[in-house]
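In the two assemblies presented below, chain A is common to both, partnered first by chain B and then by chain C.
And then the complex of A and B:
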């Protein structure tokens, strides 16, 4: 399973970027890097260097994965960091693990001690089952596609996912569950059984054949079972062979008995380690006796099994092909020679097992190094090595987060780390902030760069104590607001987090859009939502301008229903009230209409620029058969008119403009006539 | 119960889920449903089978997850979706286009059957851009009514190329949803908290009645009418509030029920069992509102056996309890409210109920089917 990982070790070269002739410069984005060629020639050995925030990042001169390049002499390249999120099937991984991640953050500190550990192990298992489900989907996709390139891509992903699961499972045993001597071996056996699948097809073939004991691979399968500690299955197979060979019945019986009696650690606390060791010693001596007195000498297969039971390294190593990996060898070796191995002793056996297994023929691959680091309990090394070979932020972020919740990373607040991610070599110093935070920010930024996974990123930023908020603020503003519904979703995210600045900006963008589309009503509701008084004023002015031009209101349904939001801006209040005046007038409630009209001016609700229109609106009221304005009101109207004509610094305008002059004259005349009528009327009323 | 729910991650954010209507007199529970996606680079309409009923175990428990029958690419976000009949689905797009897709059941394919390009638009229909999102669609075969961000109402007929009727600027704010009140009347809700009735026989381009929320004009996002008592209407708002309106009286809702913590995206009365109501929300919850009278009566019909009996036997009870929606204080009286999705974090954008079955879709790119709603 280790092989494909080597393929992902980078760096690669950006096609078209000639770093040998020109120096390149970089600008770091949240999930992408801009690379451009500079005018400077290359001076030997110097490296581009850039600073970003608290972290200093240096870059190798070649980077990986390109999108496009502009065909000019000085070119800019967009380099995408995390390609994995663009693979359709993996979206399941991101979405489903988001749910698990959120559950883990919620569960924080609720439980203590043992039940907390059980909970964390369950979380770890949930993560793994998501990886496995993805693997199955990916495998299905690989099988069902006819495109060989795609098939290759899927198969690569299957191998990567399977390696991820292998590493995760081991970390779960060693770090999350922190299995102790005894149970540790059982867990490692499960781990090997689950992941060494290369022999599965052989086992199936033999078991399904008509008479397994006649099959040429029969003994291989028995060996596989023994090597994996699957004693019951091995004994079952052997019993078939025994019944076919009555002559060697006794030999079979003895071997069967040895296998049956083999003491194994138990998960329950019923036996102590000392008891186990004692029993094991006895059993070991018994095996030794049978081997020495040549009980199995007539059957080399059974003799070799007996040697394996005795933990004979050479005998086990002879079955190299059946184990396929050094870590299988390690676990088999532990099973038959050190069943009560303690966690801290693992490192010695692991190292020697790898050396023995590889035997200097081949050098360890990246996956081997990761597993070795895990056996050595070098957690940071595991994460570092993973980041070098897996171009996938998902894995090491979620693993780191889980380990952080196990309180395993907390003593490392200051460290220097170098990672290669998709081919960039990064050195970063983390002062004060920890690795979890760094990885979280990177992972969430990657999600935000995706067309539709950005929503998941929000929750991740929320759990980033130091910079999460700042990152979210920067990212959320870049989400394209294609529909109002999407805008509402983004807005909800911002409102829930009291991101007032972003709320305002989103509403403003939407209000501007609506305004451009001549949807004044929508524009107004957006500015009301943002409580943006200035913009509400702007829109109210557009309404009033429309009214002045067309002589009627548009969007009455909205203006008539402003409710309390009318108070948002003075201009909006005026708009609402002015519309109310028109309604009263339309309903022939003249005295109320007149009173409202006057208040609009005297209380300075109406903007000065609009007074002339209001006064003109008063004209028909002044001309009514019945007297509407009282003497006092008429005086006030007159004062308004004089204020307007006198107070206007732009006096010329009135004199130049014939229509305006005529209007003023008409108003004066009408006011005078009204005054005359009202004096007569009021005099009559008072006199009578 | 949660264990009756089967889920599937579909690698696309789901904006709409709809059961295919059952043929008249069908006794089988529904099986086929359609989904639409949004916010993807490549959005799709998909037809699913909820699963083979043959897989049901002895105790009637259900196994297996929904599986895809066929899908087709869709231009723009799917904003709304409605089955016109057994074979045709009308889809509203964020581009303003309304499309009828046909599901060919013999060879399991989907094809675009008819398309009204930019049925909703800003400023000018003929320019290259300028489409306005079509936010809602409702069908009453052969009639189709659509509403949009442009405040426009369109009346189409499935077999006619041009709109039968268009009301330009019907609303100055965004129309969020539409449903039929009666065959010639429709209900719309908008972004300033209004519920309007439009009589499509009238040539006047104005609503025949306007209802409105008091106080802050909280936008309304969804509307549904009681299937039997047509004067009872439910709407859901931006603040997650459920409003029940009696359109025979007043201009304000009869009751306001505190519900979700964020936008309520859909509200549905159970079509054959309308004392049950379902709502879903941006806050990631899906609520079941149950007014089916006193607790003492409940076990009697819930344990009548198979699923189909449970929902068929209900029509008789409706009349007596329907007023529960209009009682002055439904919360105090007899309403049981259950959140069907604890611990969900991302928005539940859509739900549909039919018979004993519920289907819903989320922004977490998953669809869920619950086939034993009343168990």
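And then the complex of A and C:
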């Protein structure tokens, strides 16, 4: 990394925000940044102008905004960080890979050796199949759309996804599966067959023609098969040609025999590498013999195939157009000259293949550099290069996580890495799996900036050992609580993780919102959930005030079923108890109601301001035919009334207000009468 | 980064501030046209102006949202020497049908005798509090004791800084005993840290459970400081938390004055805006090396694509500062500000460079080698002597 890294940070142009004489003012949001043009620092310097401007402003209303270069239409720009998450067709990628990711995190670490490796390879394949599925969707979208701009966008995505899959597949072979000599070549052949599909249409065209052997591209197709090691298909085609040319039957037979006998590595352990090498040597010599004695001299096509079988580099390179890429050339070369190539030898062949293939005509492209880094087993270089080309956190993070699970990242100690994503440069050191954590945080933060993908982000943060929790806390409280359902969803996430402060804050916000909209019941239940005593008191007061004004309670269900949460605040307790008094009264359980009413005052549960109401509520009980308040209770009531009238600092009020005075007089009268009745009654009971 | 939307703000004069609400679903803009506009984001992501009203009788410098726990509340400050608190009213009127909301003025704070340059709500755990600062250098802290009554604000503190105040910022941390981080504090921080140029903005980063605070300062360049509270036994004057201050980064990429700094919600990316017409984004790696990670520019402004990156890892030593927590842990006096006219990290400071020469700028080409380098400074005895840095001591 020689060049200064800052040079690679490309400025993102905010269109329309022009004039170099201005600055940009900005504000961070949870997911976006607001940017707008402004002039800073003029507030102090040109104060007088501002004042003059302010004065002139009122007068010249119509022309305001045109003088002094003020913009006639000022604009605010919403800037986002990550474009990918807003592409609808990529949603599948995010959603489905989330499941695979979660599975990988849960997977049994204890699975040792081979079964663990099989599992990881399977995970890798699952990721790849998601990429493929997305690629197909995107391709479909590109085909079906009529908007050329959109089509271009989709096509770009298809090529990005296919590059991702190509790289991932190679990493899977080299790092995850860590294929050994022998199987390695087979895997690489599969890889090339899967990804070099430029020639597929040609093959289809020839095979579907009436007589393939007459087709002008016939030999090209045979060559393609040979170059990709698809011997059976090549032989099948050749046999058609042979039957059409009985004169050269012998020549075909010999070539067919050579192709049939070609020893290939097997995936099973039935043959050792030495056996294979021996067989291969023998076969090679046989090919050599036929070539030298001019068996194929009469047919240049067959001669060139024989040369390819011998691994003749020039002969292979002649078919450059059919291979299209240097890595195809590499694999073909390995197939016919070094079938038992060891992983660590790959780098030499890869480098020379690339040099030979490009031949100084063109310089390697970023994708070439990534693949080269993989062949060199420079895993971190792969990741770094990927991040430069593929501005995609998804790929970057999930691949890293997989490699981390393969225990491949721990082996390295300190790395200096810089990556650029969406013109967004990150530069960091990584200690083993710190890189995973770092990328995880970035990826999950990105998901959180999306209105629905954030839910996936929660799980990702959960698997981030160091900072996951605190990041989640900061992000989750910013999720807009647009509906009760959404608030409950966010709340559940916080409750499951014991994020008490966030739970409290969400409930508080919801309570405030409900109160502002005059939904008292909802406000009360949210503030109970928030365990917010002050707010519960405030809402209880609102309830009581409403009751005093209208004479009935709203949200009875809630108040009747407060249960222990009633104890959250004194006022709430009172509200609950007072409502209970009303219920008892309604059920005509007068003695219990009377007792409760008295307790509310004597135990100081009721606020003083409410005593008058309570005493007034006692009036009908005092006036019942049946004597309800005992003598002792009546005395208590009298004391409450006297306390209220005497001890109240608003004594004045009681004297001035006619209605209040009348009320007090009526109460006194009722109490006295009740006392008289109760004395008679109690005396009678005792006397009898 | 990419520009997702462009909104015609339709202000009739220069916009001075834009502000997102807590959830990023609403925004407010304020302008020299004396008005504030509120914008709401619809389900499909479009922004609609739902309120626009004349707020002041002068340019409106800043507009800011209170935490949604306090409802839908805005504060604005203006050249007309006032700050105002606004609340959205939910009504059954026709407004709602027309997609318009109604904002009422709950209070006007008229204590300032000069232009009010900044207004900020305190972190929510401190209750409903508001800090303002004004051009004549007075910082005022107001509190609404009853969060349901926004018309009652009591002036809790008035701190004169002598120098013009342009900005204030609250320390968002819950972990320090309600540290009140106001411009005053910075003044002292800066005094010790040789910020000899006008400071235009300051911002504390959200605390990620770190043991220290991160502060960004916009002056003639972007600077990032860490403030590490010293352990109690190390501090001499009982009760006051002192800080060990390090400058961790300094960037002059803006090549000119920097006017705004602010942190993203996780405190991991700093944005700064300067006279070069760019917004630059800064991010640190695990080793506290700060790098530019993105640039936003207007298409008319020239970008200096320079590669100059000053990386500071110089320790200023444990500047045994008298940076007090405004709230000393145990004391009953809730907010402690020394009764001094402390210098303001404001303007006209350029003559103090000789007191504390700026630390060496280390050009680093390979961060791997030098990341751990520390450049210790001789310990400075600046304890409780911020007054020494007042302009009248020029030439000391």
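Some observations on this one:
In this text, the second predicted complex is superposed on the first by the 562 of 688 C-alpha atoms of A that agree within 3 Å, B and C clash if a C-alpha of one lies under 4 Å from a C-alpha of the other, contacts with A are read in each partner's own complex, and residues count from 1 in each chain.
Note that a residue touches a chain if its C-beta (ideal position, glycine included) is under 8 Å from a C-beta of that chain, and two chains touch if they have at least 3 such contacts.
Here the structure is a predicted model, which is why all the values come from computation and not from measurement.
In the superposition on chain A, A:315 contacts neither chain B nor chain C. Contact with chain B, but none with chain C, is seen for A:459 once the two complexes are overlaid on the shared chain. By the touch criterion defined above, A:505 lies against chain C but remains apart from chain B after alignment on the C-alpha atoms of chain A. Look at A:517: by the touch rule set out above, it reaches both chain B and chain C. Contact with neither chain B nor chain C is seen for A:273 once the two complexes are overlaid on the shared chain.
By the document's definition of touching, both partners, chain B and chain C, reach A:482. In the superposition on chain A, contact is made by A:445 with chain C only, not with chain B. Of the two partners, chain B and chain C, it is C that touches more residues of chain A.
In the superposition on chain A, A:217 contacts neither chain B nor chain C.
The residues of chain A shared by its contacts with chain B and with chain C are 482, 517-518. Against chain A, the residues of chain C that register as touching in their complex are 1-20, 22-25, 27, 29, 31-34, 39, 47, 57-59, 61, 68-72, 79-80, 90, 115, 117, 124, 135, 148, 164, 166, 200, 206, 208-209, 253, 257, 259-260, 262-266, 271, 273-275, 277-279, 281, 283, 285-287, 289, 291-303, 305-307, 309, 347, 366-368, 371. Listing the residues of chain B that touch chain A in their complex gives 9, 11-13, 38-41, 77, 79, 94, 122-123, 130, 132-133, 135, 149-151, 169, 171-174, 191-194, 210, 212, 214-217, 219, 238, 262-263, 282, 343-347, 363-366. Here chain A touches chain B in the complex through residues 88-89, 91-92, 95-96, 98-99, 102-103, 106, 451-452, 455-456, 459, 482-486, 488-489, 492, 496, 517-522, 525, 528, 554-558, 561-565, going by the rule given at the top. By the touch rule above, chain A contacts chain C in their complex via residues 4-7, 9-20, 22-41, 43-44, 47, 50-51, 53-54, 57, 64-65, 70-71, 73-81, 83, 86, 414, 416, 418, 422-431, 434, 438, 445, 467, 470-471, 474-475, 477-482, 505, 508-509, 512-513, 516-518, 538.
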